[in-house]
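Residue numbering begins at 1 within each chain, and the chains themselves are lettered A, B, C, D, E and F in the order written.
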């Protein structure tokens, strides 16, 4: 299995290369300054889910940072499909990929020197999903801790642009891990409303209603959108709202969504158990069932099978 | 001159390599997430200025992000000196370097694969100062624009840690450049107080007193500290304060400090001229004079000589 | 044409006077303190548009400042119509008026002196629209800049009361004009949400949906209301929302509304072009068309005809 | 006495006119938009106090609003002295004047018409002090109420510029007067710190120390500055600080300062009596004594003599 | 009548006791720290209104403070009914009760001593309604004053949990009573939006629409909920919204709701009269009528009959 | 030892009673609403430390809540001394007391009933210090966690008044205990600055300087004041400052102060170890030494002797 790494192929600035050859000059502005954006989709049964929605979001992020990728959206879609195509044979029947587009503003120039390759750095690559690492979450649920660190406000940098600006989230995760290894951070925004975790959105179920933070101060995930659509189809009342810790403590169920998680139950918030004996509450179960029908993949089983 | 690039040597994870060989795997967390810190000093007459203070700040940044560089501070100092040593002969008598330490949390692991090289990525490199690009600033002064975008608050990520979290500053710079190419952004903090520019600190002179934003919400630069010390020696009254646009508009003189700029006059703020006919006001002039004596280098002349 | 000025008639405290005779004692509290409110409507084809809605808003502003105008709303309507009546003959077929009611708290008294005329100062006057000045906007679109200055919050003074408290807006406009003469300021509110310009409301079109800032922290214009109604009639989805710079940068179209502008396209926001090649986007065009049918006046052509 | 009014002379745009002739066209931007600044000094024994400091502040206000008065500061001083000169004979030995400079941006132009007189409107005038109206305050002290309305924040419009933007203060005063006629409003700033009243600064005495709000979010009055200087001379410990209602309720003494009040004791804050039986506390008394020596006028007696 | 007090029975920790015997050790954490929650319903015609809704809210408050009452909700309901049962005979036909559950975390332990009774302190008691005290409000309406003191934000302690944390409200009430005895305080939240009074919710009627503050930062009362439901049934348009002082001043009608008040008209806000001559506006009247039908009790008459 | 409890005597409303007889009617407003204030001193070697300072603070808290205790400060001092006197013989040579004054607004009245005892409830009592419970802290240091819950802002209720408003602190403590039993909460204020723990103040040592949060938004403890005085005497540079998590993470030493703790080292903040191997850093040690000389009691040893 370790041998897989050097068989994968990635796209870099027009070329398809073995991953071991995908190396970046240290003056790439993505490395120097986090001056880059990205987006990540996943495959279900080796097929990419909602690629167009992810690419559209990537281009809004690019526009926000005023980076010109030098590629039209439809080319980005094609390159992404091609990267999957070239790596699909490396997946066993149980596995799936994250497939990511990463675009930095390119290489910084040095005063008085020949300018570097002009234009953005465009990278498209795939990574096996962390199925082993997360298998236990689908049995025990996620322990969520809300750290003191707040989510970067849109006045400084919009959370709706998926930039490489992760130190805010990383400091929060470090804070939480140091107190309870294995717990996940969900941050409040500057107004004290529940916002989001690193790459994940929060949902609460309260008195039969599904609640999730408003999209203004969080990255509105494609999986979040999928859950909202499924809830509508299932007739589950659903609302984007300003939520705070009172809502979290009063909730009957809670779960996180993300591209890779799809939908995974939360077991406790700041040490207070959510719901009763069952890790998977009734609304969570209905949504998971509908989700797995939609994507044609029993992702809960897929994770659990990789349990160590 | 363009030929210089491939002659420089940098330090990467224990080795001294030609710059062209300093390449990073794309899974380096510095590139993926901006999960890295750095610090930058400069040389005057080919000698590094206040290296210890810069390395101390670097280690506080590392501690804030909970990254272990795997090197003691004194080793970091030694490596930095060695990098300069190996590149000093490439400088002509007019030139000088930025010398930077950059430390990321290392390479991300892939589920089910052999783990990558463990530990942080440590890079030390030098870059010729942008003398040509900025020469005009020392003749005309800097046009400062205060954008609508605010500086990331410490509640989200402390500006006192010098992380690779630059998208906040970059969006502000893009906003300003699109309106007035060549102008520099100085951001307000979330309370509406003047904070800092990208890598630069602001000073105002008002009724004979030197004023600069408090260090809580800005990166307190080493050059800023140097100016505060010089002012004390020269008997110029000096105060860290909450400052706002009223102060900016009422100021008699203004200047920016940074490692590379040292101290460069501001000509206008939001289109309002600062001071009278002279670009260099009297207090600015005294401080520049004292600064150049301290560093043993006429940096104003050095910049101007590179005027295109 | 310059001769027109001294032919217009205005209403002041019960009398209809030639404009040249409408003079105010300097102790009028409107002049001393901006202690006054006003409202402005315009004519289309020499007829006033939605006068009742403007007068209702004027009386809410009066109530907020606790000024008693000494005139019932229906009297204010009648006076306004009479002022137009007396000045209509001065308009050529191409022209139109702003017609404004202005009410200050009256003349300040001086300690120990006979009190001045008691009660409010009531002025109703008409002014030719700035058709020449703005003609180019209907060809090129408006360049919007979002300044650092924020809109006065309701906690200090509600933006929903149309007081003479314009220094906030004026400082913002000065800031913007000094950087880019001809650009218009649109301010953020204290929370960093897009608020309003001086006398104008902002609309964005995003993914086919029409968006405009909520009415809590802006003066909800009559033209804004008109656009909301037209959008409903045309079946264009429409929503009042908390919007920020991310929304502005991601928008497909944008326009400003005001009594005099009606609806004028925005060409760029902070130097970032809105939309594609066409200045007038498709949704903007549909709304303009519906607006001109409603008011019975092709205001776009009216402005363009005055192009210099 | 009522006859005095029409004997005073004021300066308007280069001319010295009888007050009854000082009339402003209604299109003056001071009247239309509060687009004006002013400053006010008073006389003691018919001589102006600290005129230079007032004129300096006026010019900072002008600069903030980017209004060019067309007069150099020394001319403004001369005009002010001349206005006093021409009106001094109207004062009896007991009386004194407010002397004010008022500068608006001038008259608004009308599209397509001959431009109005170019440049700012400059008015300098004097007004008898409200000695009768306020006489009781120097016997009973001032009842202060802190309204819900907050002081306009500097992010919107700096309170340090003395603009005609008084509706914020006026709404607060209206709120307070409607609840308790005769009470004075002192507003909190947006952070909940004690700020200022309309034209007045607040001082507290607590455990022998003199405290006053920091100058960032208030107009730092000349009288406030005078009290700070006198306290230093008298050896009374004195500090500018962030103060809140707890400080107000815990204070042993409190007083307001303003150009006309000089220094007047506060009797209660939100209905809670300040200090003991004596309206004038010991520190207040020492400062009043020093103040009256400095200005050569027993202003407390002057007010009391006008008691009705 | 005074003799009634010692005839009432209350429930304390499993026992039904005469009120005079319901005594608490001073180390009860409810007394030491306000570490307790409570909820209060009232009877109409000697029957409890919406007990289940009150008990559900009580248990959400308990969960928020992580207090285990040691009783299931249905037991709490039964105990409450039993307390009423045992005290019903003391009511005359005109009277009604407040019936309250009060739960503290129990008695604090002392280091080195035998622990006190384990578990929470549970008290259920009834109190005659303050019909005499409030009778005049149903004739004259309530004078509301908005104090400077703000409502505790949810970031510190959620107003949605009904804890014994009343000092915030009490300081506000003290502030208001000292200025105008008999007036009621309605506080703003930290954002300057109208929030709530002590135990009461505010409603405004504006242009025929019923408005009430959003439930995020206030305790959403059961009576508030009842009014929202009645409005829906009556076809009165109704909306939860961010409201501020502008809305209050512009309102045509206003009223407060609470368990004991049900619905009582507001006569003035900060001294500005709400509505016209009639204390009870038309929408208020319709809602009162519907409310009294629902509860089977003419509460307005009940209060008025107790007028002194 | 358990037998001690029923031997202690307390003061209640004028009487000295056995603790078992100190019982409060449940309608005491301290129990109903937390409408009470308190203050707590401790004994060293059976003598009370700085009683006057504590009583002065108590009376400022009373004034803030507008409660009249019916006792002059010197009577409160005398009663406190008497309570100690009557209980001193129960202490063994190793032990010491907390001695507390608790004052509530008294018993709530019931409509139509004979009023209860008029005036405040005044209780003075002593409690053995929690020496056993905390002994380990003086060996291992305190693990501090900064919760998401924020300290109540002064705009809502001043933290400088020591009211029974503890639910804010209690929710924070519950949050922290549920994640890490035994850890102590230190809260941020609403601006994100380090504020205080429940009854404790935080100090940091950074680059040889002693730092503690400003007194505006925290209860400025008497022990905090004592440490500030000792630092001055020892020549340790010391500053009240706005501090945030960056300061906490960058600190070389940290400790908490409180009446009972005196001064106890912090071992970690959010799981990040403070300082090196030694739990007691050098500055902490010097201050402890000076503190124990001042109070004449080796409190560290006193705690450690009670280790279980």
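The definition used in the following text is that a residue touches a chain if its C-beta (ideal position, glycine included) is under 8 Å from a C-beta of that chain, and two chains touch if they have at least 3 such contacts.
Computed from a prediction, not measured in an experiment: that's the story for all the values here.
The two copies, subunit C and subunit E, are related by a rotation of 120°, based on C-alpha atoms and rounded to the nearest 5.
Comparing each option in C-D, D-E or D-F with A-B by residue number, the pair that reproduces over half of the contacts is C-D. The chain with its CA mean position farthest from that of subunit F is C.
Taking the mean of the C-alpha atoms as each chain's centre, subunit B and subunit F sit 45 Å apart.
Mean C-alpha position of subunit E lies 33 Å from that of subunit F. Residue positions 64, 66, 149-150, 153, 155, 161, 178, 188, 192, 245, 272 of subunit C are each in touch with at least two other chains. Under the contact rule stated at the top, the pairs of chains that touch are A-B, A-C, A-E, A-F, B-C, B-D, B-F, C-D, C-E, D-E, D-F, E-F. Touching subunit F in their complex are the following residues of subunit D: 188, 191-192, 242, 244-246, 249-250, 272.
Put simply, subunit A touches subunit B in their complex at residues 1-2, 4-5, 10, 12, 19, 22-26, 28, 30-36, 38, 64-66, 102, 104, 110-114, 123, 125, 127-133, 149-153, 155-157, 161, 163-168, 170-171, 174, 178, 190. Of all residues in subunit B, only 60, 63-64, 66, 153-155, 158, 160-161, 216 touch subunit F in the complex they form.
Residues 145-150, 175, 177-180, 188, 192, 245, 270-272 of subunit A are the ones that touch subunit F when the two sit in their complex.
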